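In what follows, a single structure is set out as structure tokens and then discussed.
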Amino acid sequence: MDFAQSPRTQDYLKRIRAFMQQHIAPVEEKHLREIIERKHGFDWTQWKVPAGFEELKAKARAAGLWNLFLPDAEHGAGLSNVEYASLAEEMGKSLLAPEVFNCSAPDTGNMEVLWKYGTPEQKDTWLKPLLAGEIRSAFCMTEPDVASSDATNMQATAIIEGDDIVLNGKKWWSTGIGHPNCKILIFMGLTDPQAGRHAQHSMVLVPLDTKGVAIKRMLPVFGEYDPPSGHGEVWFDSVRVPKSNLLLGPGKGFQIAQGRLGPGRIHHCMRCIGSAERALQLMIERGLSRVAFGKPLINLGGNRERIADLRIAIDQARLLTLYAAWKIDKAGGMAALNEISAIKVVAPNVLQQVVDAAIQMHGAGGLSYDFPLTTLFAQARVLRLADGPDEVHRGMIAKVELAKYAPRVPKQKESAA
Amino acid sequence: MDFAQSPRTQDYLKRIRAFMQQHIAPVEEKHLREIIERKHGFDWTQWKVPAGFEELKAKARAAGLWNLFLPDAEHGAGLSNVEYASLAEEMGKSLLAPEVFNCSAPDTGNMEVLWKYGTPEQKDTWLKPLLAGEIRSAFCMTEPDVASSDATNMQATAIIEGDDIVLNGKKWWSTGIGHPNCKILIFMGLTDPQAGRHAQHSMVLVPLDTKGVAIKRMLPVFGEYDPPSGHGEVWFDSVRVPKSNLLLGPGKGFQIAQGRLGPGRIHHCMRCIGSAERALQLMIERGLSRVAFGKPLINLGGNRERIADLRIAIDQARLLTLYAAWKIDKAGGMAALNEISAIKVVAPNVLQQVVDAAIQMHGAGGLSYDFPLTTLFAQARVLRLADGPDEVHRGMIAKVELAKYAPRVPKQKESAA
Amino acid sequence: MDFAQSPRTQDYLKRIRAFMQQHIAPVEEKHLREIIERKHGFDWTQWKVPAGFEELKAKARAAGLWNLFLPDAEHGAGLSNVEYASLAEEMGKSLLAPEVFNCSAPDTGNMEVLWKYGTPEQKDTWLKPLLAGEIRSAFCMTEPDVASSDATNMQATAIIEGDDIVLNGKKWWSTGIGHPNCKILIFMGLTDPQAGRHAQHSMVLVPLDTKGVAIKRMLPVFGEYDPPSGHGEVWFDSVRVPKSNLLLGPGKGFQIAQGRLGPGRIHHCMRCIGSAERALQLMIERGLSRVAFGKPLINLGGNRERIADLRIAIDQARLLTLYAAWKIDKAGGMAALNEISAIKVVAPNVLQQVVDAAIQMHGAGGLSYDFPLTTLFAQARVLRLADGPDEVHRGMIAKVELAKYAPRVPKQKESAA
Amino acid sequence: MDFAQSPRTQDYLKRIRAFMQQHIAPVEEKHLREIIERKHGFDWTQWKVPAGFEELKAKARAAGLWNLFLPDAEHGAGLSNVEYASLAEEMGKSLLAPEVFNCSAPDTGNMEVLWKYGTPEQKDTWLKPLLAGEIRSAFCMTEPDVASSDATNMQATAIIEGDDIVLNGKKWWSTGIGHPNCKILIFMGLTDPQAGRHAQHSMVLVPLDTKGVAIKRMLPVFGEYDPPSGHGEVWFDSVRVPKSNLLLGPGKGFQIAQGRLGPGRIHHCMRCIGSAERALQLMIERGLSRVAFGKPLINLGGNRERIADLRIAIDQARLLTLYAAWKIDKAGGMAALNEISAIKVVAPNVLQQVVDAAIQMHGAGGLSYDFPLTTLFAQARVLRLADGPDEVHRGMIAKVELAKYAPRVPKQKESAA
């Protein structure tokens, strides 16, 4: 057993930290303020990439800090999940960094899907510009009219008609779809209701400018619209694309979704942990710098105990996530089902807990945009729902646990996931 | 011991419910949407009272549902704290109702202060139009540069110079100061640093249009600016008002603040409980109407247990708040110190817990403005800091508890409040 | 609304406190030590009432502090539930007091059953000596071989054969059955499996010396056997008693059980709250008297915050229990179903939480019999299971809550209770 | 990063599991029942090693499963801390196994101390028979009259007089001192009050039969006396031993204690995790085998969610403990201060949480000796106090955390540990 990071990870970490300190930190506040002021908050069609942002990306690419998430030595860095995990944590300490390094969701997941399952033509058309950071992408799965925590509830359809596929339905929470550079989306819909439970749905590549694709509005998360990316509600009205836009084949939607989720959850959780470290740091710095009743806040009441509990919680969440990543590397996502669900519950909840405590230490200022805390809170809160709510993941963990006792385990429909 | 509400309370409750159902419910969503769209979100000088709102107030006044908070039979309803408490809970179920009934913070607290401590002239000039709902008011106590959880940290000054008082300093989180009708504020500042710890500060009436009063910006709470009231940062630069604007006298600031806080905290907490009931209702309705894995969400996993725990928590918070109100009625605020601090910890935390669970049951939709949940969450979160953070109130409760064991109790500076 | 105790309650409280201080406190430790040393711990047939105990009871009776639980002015004090509740809390502060005042479970519940449902002959034979404190009793419902949280699982039978009833089956956790004075038990068993779900079971009076009744062993709770009362496992092998021993009639078991449970749970919960007050007091006294790192323990880390949280929790539990008692008084047990289940969850959990914290403040000593803390812990822990586990009560609360939304509520078998 | 266990660990694990299944499991219940019945519970001088136990130890030794804890290839297995950790978890699943494998506290810690710091003569006299399992030992540090959470409170003295050391004072919670084979104890006492804070105390080897050593009584933990080992209160009255019995030298007590604690805490925590796995297994098996309201308990209410939360908690505790062990191996105990304190908080609390839930699933039976749950609960509860209470460890973690922000950190006496 060896908890040391690989030399490659250590080297990348050092370079990422240096880059973030030199290039991102100095502009982060200006950039975020621009976003926060959201002059075009309610007219997302006017959203713009902040000035200087593409140059920042170019610098990161030139520095070799680019597409590090991709376990492919040619297009990415060829890092294993456990190697990349710590880099994701580091990036998570900045709200800008993941995109600067072309490592932000949902592009990472979409690139992985294209890399794993795309045809040469699909790769050439969409993966190439995504890897180059020239375009961005969205993923359309969740629907407004049903409980999407049960993916089989999905109502949108992807019907094959001759050489085309015709898409209909409503999707929402399509993150990134408001970005000026968003050009492609992956749509998931019902193709064959007669097939087995997990073979009914297909994934389809849909250029954003296809006729019938209508972005109805952007959705706020705790009042934040996250420009210039946004979370969109998108309606598909007889959207017709050629059959060659199918990913992997008809009815392969769930199979792709499974493969997509493992590493994606590692990324999300490690970024959460980076965010949690940042929130803890802000909390401590505030606690050291403000005085009440004659003492620095940090020495009042239960504040030191809270710091200890949060440090423990963060360290445990990190270790569990690294373990899950290592298990994916060694034995694949199916073998790590339990761990992937576990970190999906743990990491966002730990972040929420840390940020809540950090807000409390900041006093009312912590509720405002003078600090990034409410933004980090929103990140935590949305992740307790995105990619499956806590409850579904707990159900999955219990299912895996009880399976050890088969054949004694009674069927429990609700915990299926 | 008798937990039944008085006939007067029962009568008012019936009428408030009827009024809210008939007049407020039908326009609430339209009104809130107008606020949410916040077309002038970032230019608060353009904030407007929504169309039809003054008419709504006039109707409430005509119906005798007006100033019910004021324990004065002439200007208000003459209800005791425990009688009014349940009305505050009911009003708390709507985001508009408190203001429609002229029972919203900080006006209620300011009116009470004027009613209790104002000179006839002060009452005539300011209390009268406030009671009539013609103007609104703000309260300027918290400061940006110090930990305001310790009120003695206050740096702003209120210096008597001849017949005038001269005010200097920065305040923030002055709720309501952005309202188009806000005309008067109560300022608290340091008058005599040589006096005893709680006799150094004064409260002063300051017309908003006094020279030197500058509203620098509005502060968001989890991204919400709460137009048209807002939470302002206000700077006072050699603001000069006549000595007759002093409330009660120089150095009486803390004495007034103490008297103001008891009933105000009852109101806040009961409104929290009303909000919590609303959030629980939304949670259950969502849980009944959505299906996953073949069952309504409400029947999945631990959801019913969560409903039970929330019901218990709400009922306990209500009883404790009613008990605190009764104790204030019977023995005064000082006798109820422990209970007032206790509800101030309990009620907002219960609301936060209920709303968090309700969001979870709603899925991602619960994070957006399609539901009022994030607004209720912000209400809870801000109240865990406003009027003293949880930690200060816990310190006060411990202090009262340990005082029972005097003289064995060692001095503990930090828990002073 | 009036939270003041009635003059009668106040008077009794004063007298109970005085009696406990004068007569019980001086002998409590000696008595408990005798119990703790349990010289006959493993041979329960040798259990004896401690020396002087009957004299103590005689004094209490002479002082008019006797059978206060019974809402009957002739045999008891004629107090309402809400009036008696505070007396139960006070008695709960001593491990001896409830029995000294002839107010201890399960006798109280059994006396209530006899008082409400007994025939004149049953009353004469069993209620009279119970009210006189001359004999003690047990209640046999829970069974070792099934999940007794679902009472309909019950397997023991009470079959009518001519003029007799014949009882068969195994019962356990029959509290008090080891007491030298235990002479009568109430047995619950299945009489008619064809009747409706809640009309199949009967309750039967069984003299302990009836042929076929065999006490197999005493059960420990966290290592404590609670001599001289004990918790017994009792087997019934063709036990035959006359039909006149039936309570209320065949199939009336659940009806009686329901009536028995409401007040009984008030008593249990109020005693828990008394225990919690005692544990909190011990915690604070220890925290004030011991020093570490140069400070009294009470001023270290989060200890004061913990004191505050426990104070809040105890006060909330008390108010909720008093409210439940009041509701039973006003509208009957069925109307207070939700509240009775709520306190049954809250009060033992609060006690467990307080005791756990008190042990922590005591250090390892708190784990030993040098303090009553582990005994109080066992009291809490057993009450989270007795009279229905937390989970069943949560299910009941959810059921009542969701019933407000009928007819939209889907059937959920598991939450039936 | 590599989470795989070393081949040596895997091999030992396999052999330990096989041995436990073949030799320990079949006799465990019989053995424990003998202990539980505690015929001599109150006369510890009559305690006996259960029949057949020494033979079991001989088998383990013959199988090469002996002294595995000792990082010494000659006398032990030469395993690193991280390698041994998983073996300790496995042993923790049985209440007998640790001693069978000669790997039980406090002997392990005492053997380590002798191995690291003992003179050749001390080793020959005491380490040898301990390694052979022929004798057992105790450790006397905690005192009844002071808060021993602050070790500098210690009042017992170890005064050098010529060639002797003279010991005086009261100790308690000396685990193992009741064992018939206990022959030696390590005493810690104050030698030089003028020396630096951590250089005042010495550790001294004291044969149990030295004049002036008096075992006053055995202390119960939640009613359990843990025969035949026990937890003793021991008084030292002018106990005189030769100076050669000093360990390492005068004033070296804290230095030795520090070295002793790191690995010892790893062992304790890993055994806790083993216990937690066992309790979880019992919980699930009960939940699968009992039926209420028409379903197996495991499918009722929030039970599956609870299983999931416990699985997550156990896995996180294990990873954190393994990480702490690895850090000790790589960089020494001082570098792992934070992690050692963290696991000391986490592991016993996780065990307590799992056992509490397991008891709840078992119903009242779980409170009795029909299941090992209350024994496991006592193990958890005592470990939240032994070797430093949770609060002291939280204080240490906060101290380490805040040290990262030096020199800004204000002094806080209370968190010193």
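Lettered A, B, C and D in written order, each chain numbered from 1.
In the analysis below, a contact is a pair of C-beta atoms (placed from the backbone, for glycine too) under 8 Å apart; a residue touches a chain by one contact, two chains touch by 3 or more.
Note that the structure is a prediction, hence the values are computed from the model and not measured.
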Those chains which touch subunit D and also touch subunit B: A, C
Of A-C and A-D, whichever chain pair has more C-beta contact pairs: A-D
Chain centre separation in whole Å, for subunit D relative to subunit C (CA means): 37
Subunit A and subunit D, separation of their C-alpha mean positions in angstrom: 43
Between subunit C and subunit A, distance of the C-alpha-averaged centres to the nearest whole Å: 52
Residue list for subunit A, restricted to those that touch at least two other chains: 295, 299, 301-302, 304-305, 391, 394-395, 415
Sites on subunit C touched by subunit D in the complex: 37-39, 41-42, 142, 144, 146-150, 153, 172-173, 219-224, 290-295, 297, 299-303, 359-360, 363-370, 374, 377-378, 381-382, 384-386, 389-391, 394-395, 413-416
Residues of subunit A defined as touching subunit C within the complex: 301-302, 304-306
Subunit B residues touching subunit C - in the complex, by the definition given at the top: 1-6, 9, 82-83, 284-285, 288-289, 295-296, 298-299, 304-305, 307-309, 311-312, 315-317, 319-320, 322-323, 326-327, 330, 338-339, 341-342, 345-346, 391, 393-399, 401-402, 405, 408-410, 412, 415
